[in-house]
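You will see two complexes here that share chain A, one where it goes with chain B and one where it goes with chain C.
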Partner chain A sequence: MTIAGGCRCGAVRYTLAIDALPPTYACHCHQCQRWSGSAFSQQAIVPEAAIAVTGPVAVYEKVTEDRTSTQRVCGTCHARIYNVNTRRPGLAVVRAGTLDRSEELECVAHIFTASKQRWLALPEGVPQWPQAPPAEALAALLGAKRPR
Partner chain B sequence: MTIAGGCQCGAVRYSLQGGPYPVYACHCRECQKQSASAFALSMPVPVQAFAIEGTLDEYCRPASGGRSTDGFFCPACGTRLFHRSSASGAFVTVKAGTLDDASNIQVRAHLWVSRKQPWVTLDPEVPAFDTQPEDMSAWRERLMEDAP
Partner chain C sequence: MTVVTGGCQCGRVRYSVELADDDAYLCHCRMCQRATGGVSIAFKFVPRAAVTWLTREPDRYASSPIATRGFCRECGTPLTYEGEGSDHLDLTVGSFDDTARFRPVENVGVESWHAGWLDVTGLPTQRTDQNVTITARWMATLGKLPD
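== the complex of A and B ==
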């Protein structure tokens, strides 16, 4: 079984070679607000090798001090599909709103909540960090929910 | 009062005169894909109050009745900044997450909550539509008039 997704206009489609919808987390940092144009980015972490993409992909690179983030977006409608980061080789961060079954997604953690938009109330009991989470803690949360 | 915003890389900047302007969230599948997140945040602004600096690229999406919706984004970093519909040329719809400071935006309505991701909690005081108002243009105009 695979999980499928795609961009807004349908020109780019992808599959994830995983058995169930992945758990997701929300990042509320300013950068993620800008890139989504919304309140947060919602992402799932999968092995890069598990993604198969078809269609016209455009690439944007963001270079900062210690890393290069490579963003893959639809070349037609510019919906963001996934990114990889030189600090996390082999892992891809999928923009979870592009999954075909996004209406069923769960969100298991919220990070960078210090910059969260104030109107948005987060569900009680879901782990959250004001800044970056300890990598192991987030990985444990994302791993613990898999497979459903 | 001037409100400013822009894309991720800083190549495109915009400013809004007046305001604050109301914001609504749309939870439809298309908005989840376009934002790659759980919902889109739209802030309608009169065109005469909106000024942009920098070069934009455009994605034109055909809509019903021979109309179109144009999405404008930064060609350097791909950030989607605003939409304009041929049905209603009097305003642009700014992607509210691209504001320099979105921390205090007020979300006045939720559309397409029938597609909402289950974990997103809504304020029961804020109007919510299962789908969307029948006449979106008229509804948006009322929303702007009613804004405090």
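== the complex of A and C ==
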């Protein structure tokens, strides 16, 4: 089964060689609000090897002291598609809203909720952390199989 | 008064609480031993009114005729001990985000304490990063040791 997605203008398309729509998490930090221009970013983590992309992909690298984040965007409409990070070799972070079946996505965790926009009410009982979550806790939530 | 936060292992049940001090205690009764699968439980006693459940209330189990224990049904973390009719409750020390702020000032339920487990400072020690098998599993699945 392949999961497909693409950018706003349609020039960039991708498929993910995974079994089902991936679980997603939302990050409410200020950096993600700026990247997305929205209240939060929504991501899915997949093996980098599972992504096959076609179209005019442009690259933006953000280098800081301890890591390099390489963002891949549509060169035409500039929609962000996915990124890789030297701190997580082999994994890619997909901008989950670009998935074709985005309405079927589940959001299993919210992080950096301390900077959440105040109007946004998070669903009851969904795991959330005010800042960074313990890495193993988020990994456990993202590894959950669907449906339960 | 200081406001601190805590919650369960998976993040589904999160709380904030106003603390007047950092005094905590251990209960060694058999029910607390079973509730944690441990040799004792570490509790912080607070007024119920001081606690705000940020995401949802904990799931609850009427563990005895005199009390209810709060926990998360997804990840199993023990969170509270709530005496029937009491205006106070206990929060488990390990569920606080900053567990290290607390210090024990008393032992209760000592009729069933396991004396040999009370002072373990003389035993051989091992850090997680010194355990080759466990470290290899963490590195393979998470890329790092747990936080």
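Some observations on this one:
The rule is short, and it goes like this: the second predicted complex is superposed on the first by the 144 of 148 C-alpha atoms of A that agree within 3 Å, B and C clash if a C-alpha of one lies under 4 Å from a C-alpha of the other, contacts with A are read in each partner's own complex, and residues count from 1 in each chain.
Here is the rule we use: contacts are C-beta pairs under 8 Å (C-beta built on N, C-alpha and C of every residue); 3 or more make two chains touch, one makes a residue touch a chain.
Since we're looking at a predicted model, the values are computed, not measured.
Partners chain B and chain C, brought together by superposition on chain A, fit side by side with no clash.
In the superposition on chain A, the chain among chain B and chain C reaching more residues of chain A is B.
By the touch criterion stated above, A:Ala58 is placed in contact with chain B alone, chain C being left untouched. Across the overlaid pair of complexes, the angle with its corner at the CA centre of chain A and arms to chain B and chain C is 110°, in steps of 10. By the touch criterion defined above, A:Val73 reaches chain B but does not reach chain C. Contacts of A:Pro89 after superposition: chain C is touched, whereas chain B is not reached.
Legend: residue contacts after superposition of the two complexes on their common chain; A:Pro134 is shown touching chain C, with no touch to chain B. Measuring only between alpha carbons, the smallest separation of chain B from chain C in this overlay is 14 Å.
Residues 122, 126 of chain A contact both chain B in one complex and chain C in the other. Touching chain A in their complex are the following residues of chain B: 6-9, 25, 29-30, 32-41, 59, 61, 71, 73, 76-81, 95-98, 102-107, 115-121, 123. Chain C contributes residues 5, 7, 9-14, 54-56, 138, 141-144, 146-147 to its touches with chain A in the complex. By the touch rule above, chain A contacts chain B in their complex via residues 6-9, 26, 31, 33-42, 58, 60, 62, 71, 73, 76-81, 95-98, 102-107, 115-123, 126.
Chain A meets chain C in the complex at residues 87-89, 109, 122, 124-130, 132-137, 139-141.
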